[in-house]
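After the structure tokens below, expect a handful of questions from me.
Letters A, B, C and D mark the chains as written, and numbering starts fresh at 1 in each.
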Amino acid sequence: MPKNRLEAFSDGVLAIIITIMVLELKVPHGTEPAALRPLLPVFLSYVLSFVYVGIYWNNHHHMLHATGRVSGSVLWANLHLLFWLSLVPFVTGWMGENHFAAIPVALYGVVLLMAAIAYWILQARIIAAEGPESRLARATRHDVKGRISPVLYLIAIGAAFIDTLISGAIYAAIALMWLVPDRRIERTLAGPAASPPG
Amino acid sequence: MPKNRLEAFSDGVLAIIITIMVLELKVPHGTEPAALRPLLPVFLSYVLSFVYVGIYWNNHHHMLHATGRVSGSVLWANLHLLFWLSLVPFVTGWMGENHFAAIPVALYGVVLLMAAIAYWILQARIIAAEGPESRLARATRHDVKGRISPVLYLIAIGAAFIDTLISGAIYAAIALMWLVPDRRIERTLAGPAASPPG
Amino acid sequence: MPKNRLEAFSDGVLAIIITIMVLELKVPHGTEPAALRPLLPVFLSYVLSFVYVGIYWNNHHHMLHATGRVSGSVLWANLHLLFWLSLVPFVTGWMGENHFAAIPVALYGVVLLMAAIAYWILQARIIAAEGPESRLARATRHDVKGRISPVLYLIAIGAAFIDTLISGAIYAAIALMWLVPDRRIERTLAGPAASPPG
Amino acid sequence: MPKNRLEAFSDGVLAIIITIMVLELKVPHGTEPAALRPLLPVFLSYVLSFVYVGIYWNNHHHMLHATGRVSGSVLWANLHLLFWLSLVPFVTGWMGENHFAAIPVALYGVVLLMAAIAYWILQARIIAAEGPESRLARATRHDVKGRISPVLYLIAIGAAFIDTLISGAIYAAIALMWLVPDRRIERTLAGPAASPPG
């Protein structure tokens, strides 16, 4: 099957997820700057989640760019990823409206962890179809970020019960780690489309 | 007419349907795990409906992949399907917020039944245009799932007035039945695009 | 400029308009059939507006299919049409929640009338670019429906102050008139893409 | 990387932003024309923001039409632009519901200013990739509008603390300035795709 509808549907869902989060920023009644102060934690969670969904869109874009055609199991692995990402607005709102309380901050990490696992499953399904010498397989062979992120999420989830500031710092650090461009992977992906003989 | 805009519009509507359902998961005020307990039935209905809309997107994807060009009546049959699917968030919310009471559970089944009928009409309109020897006609000739689903929905609707657990189990079973990949159809669809002489 | 992004953006906006209308169907608190009764006028307005937005999507689809490339003024004429259609959820909700009171029913007609005028402007801008012998110009030369609709909207707006049932009947009649396929136009559009020498 | 998914995702986000703003137009309870009067400032802000998002979509469309392929930094510059535009519904609602009070009117300008800066960064990233003799570089060399807008936003933000009518007039004037078609740029963009020797 061609991949264009998978991309279009994912783009649609990710575009909606990233945009409806802003609906949690409820219009305040007052008109002074002080009226905006209670919105600050909501706004900060929004920024964090916007960056995360942006990273997922970006990586999804790269991954599918390196993919030829998709199978039925890839469609479902993709829906599984979208399911966990669709919960991001909920945990973002819960975390933001409760000023980064322990349980909401931990649940935020759980959803991010599940999304990371779902992304890894999707990648594994695509590589299983594309073959071990495909561009995607080679580009992700030394995928340090993808391996370190789940560990960091687990630490952040545990840390939420000690100090949520630590969790927040870890979430921000993971986002930053992904934001920094990865020249090596871009180079591999930009390489010849045909798989080398190995 | 080319089918690309039909696909794009359907992708958009399905992406929005699958995503706005999460808005029913209202951010709770408390921050303890107990605050999430009242959300459990809402969450379970969300998961069920997410899988159903995912199945429809998946099947729609397969069906249109096997379709050449579309006529005016196909456009309307498609809108008819989207209409019933657009009611899924409403019945999902009603069912979830009322902890699976009889009438909401039955209405959930009615909307799924109507969507199944609408899907069948859309398929029939496409086959009418494509011809009885088209790939889609051959792939759906022995469509057991498509024939058994409406019967199961009817049973589940009736069972809601006896025990909603039965209905819930049937809805979950239908979803599982569709989730299991159907190698035979995939093989037929993956076959030669040109219709055999018959 | 190519027309694909104009189509994609319009598909997105129309998909959202048609879907967010269902959010007006607020989940009721009771679980008996009687709990759904107050939603009946909201549901009826939803069905009517769903059909109208569906008609606009359908006609938009046909019109752009018959169009080559688009100019800057066409982009703005298209945004103008989307603006009026974006008000449909608001007037639908106002009309439905007020059980078809006079002013909301009249305003519903005003928005439909403005959308019809905006559609006509968009069509005129495209024909101005495509030339009087283009497929679209020929297909719309004897556009009876497009000319009769604004007159009917005006009558329905006035009738709202006498009996809103008349207005409702007219709105439904206009929708039905557009639903009935127009073989002649489809045939012209299906004809040769190249403009005849005139 | 090809640019089609960047366009599709941006179209999706912009379509949602432009459409969810209408959700701020809350259905009033009364049915007389007077019931609509409190909505007038909300409606006026909606119209203004609709035009602004429309301008951004239009310019984004033109800019990417003149672009070949996109790099990773362009993807992030684009997400940065979408972030600021995603705040437009919030500031639109705050400004409209508070009848154009000073702080909301100023914040509206701040978000527009940040979006203008983000647009400029995106344009600069694309030009850096396309080269100084690319069509986009030539088309924006004498970009008076792009340079004058930030200055006007700054004046409008300051003026909000003297008289918000001045700010509103400036916002409307900037929108009008962008609405007026810019024949020179359209001509340059319509020119030969290959870059001239300079």
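Everything that follows uses one rule, which is that contacts are C-beta pairs under 8 Å (C-beta built on N, C-alpha and C of every residue); 3 or more make two chains touch, one makes a residue touch a chain.
Note that the structure is a prediction, hence the values are computed from the model and not measured.
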Fitted rotation between subunit A and its twin subunit D in degrees, CA, nearest 5: 90
Relative to subunit D, chain with the most remote C-alpha centre: B
Chain copies touching (subunit C, subunit D) - same or different residues, decided at half shared: different
Chain centre separation in whole Å, for subunit B relative to subunit A (CA means): 27
Contacts with two or more other chains, residues of subunit A listed in rising order: 8, 12, 15-16, 20, 23
Residues on subunit C engaged by subunit D in the complex (per definition of touch): 1-2, 5-6, 8-9, 12-13, 15-17, 20, 23-24, 72-73, 75-76, 79, 82-83, 86-87, 89-90, 93-94, 97-98, 101-104, 107
Contacting residues of subunit C [partner subunit B, same complex]: 7-8, 11-12, 14-16, 18-20, 22-23, 25, 27-28, 31-33, 36, 47, 50, 54, 57-58, 61-62, 65, 179, 181, 186
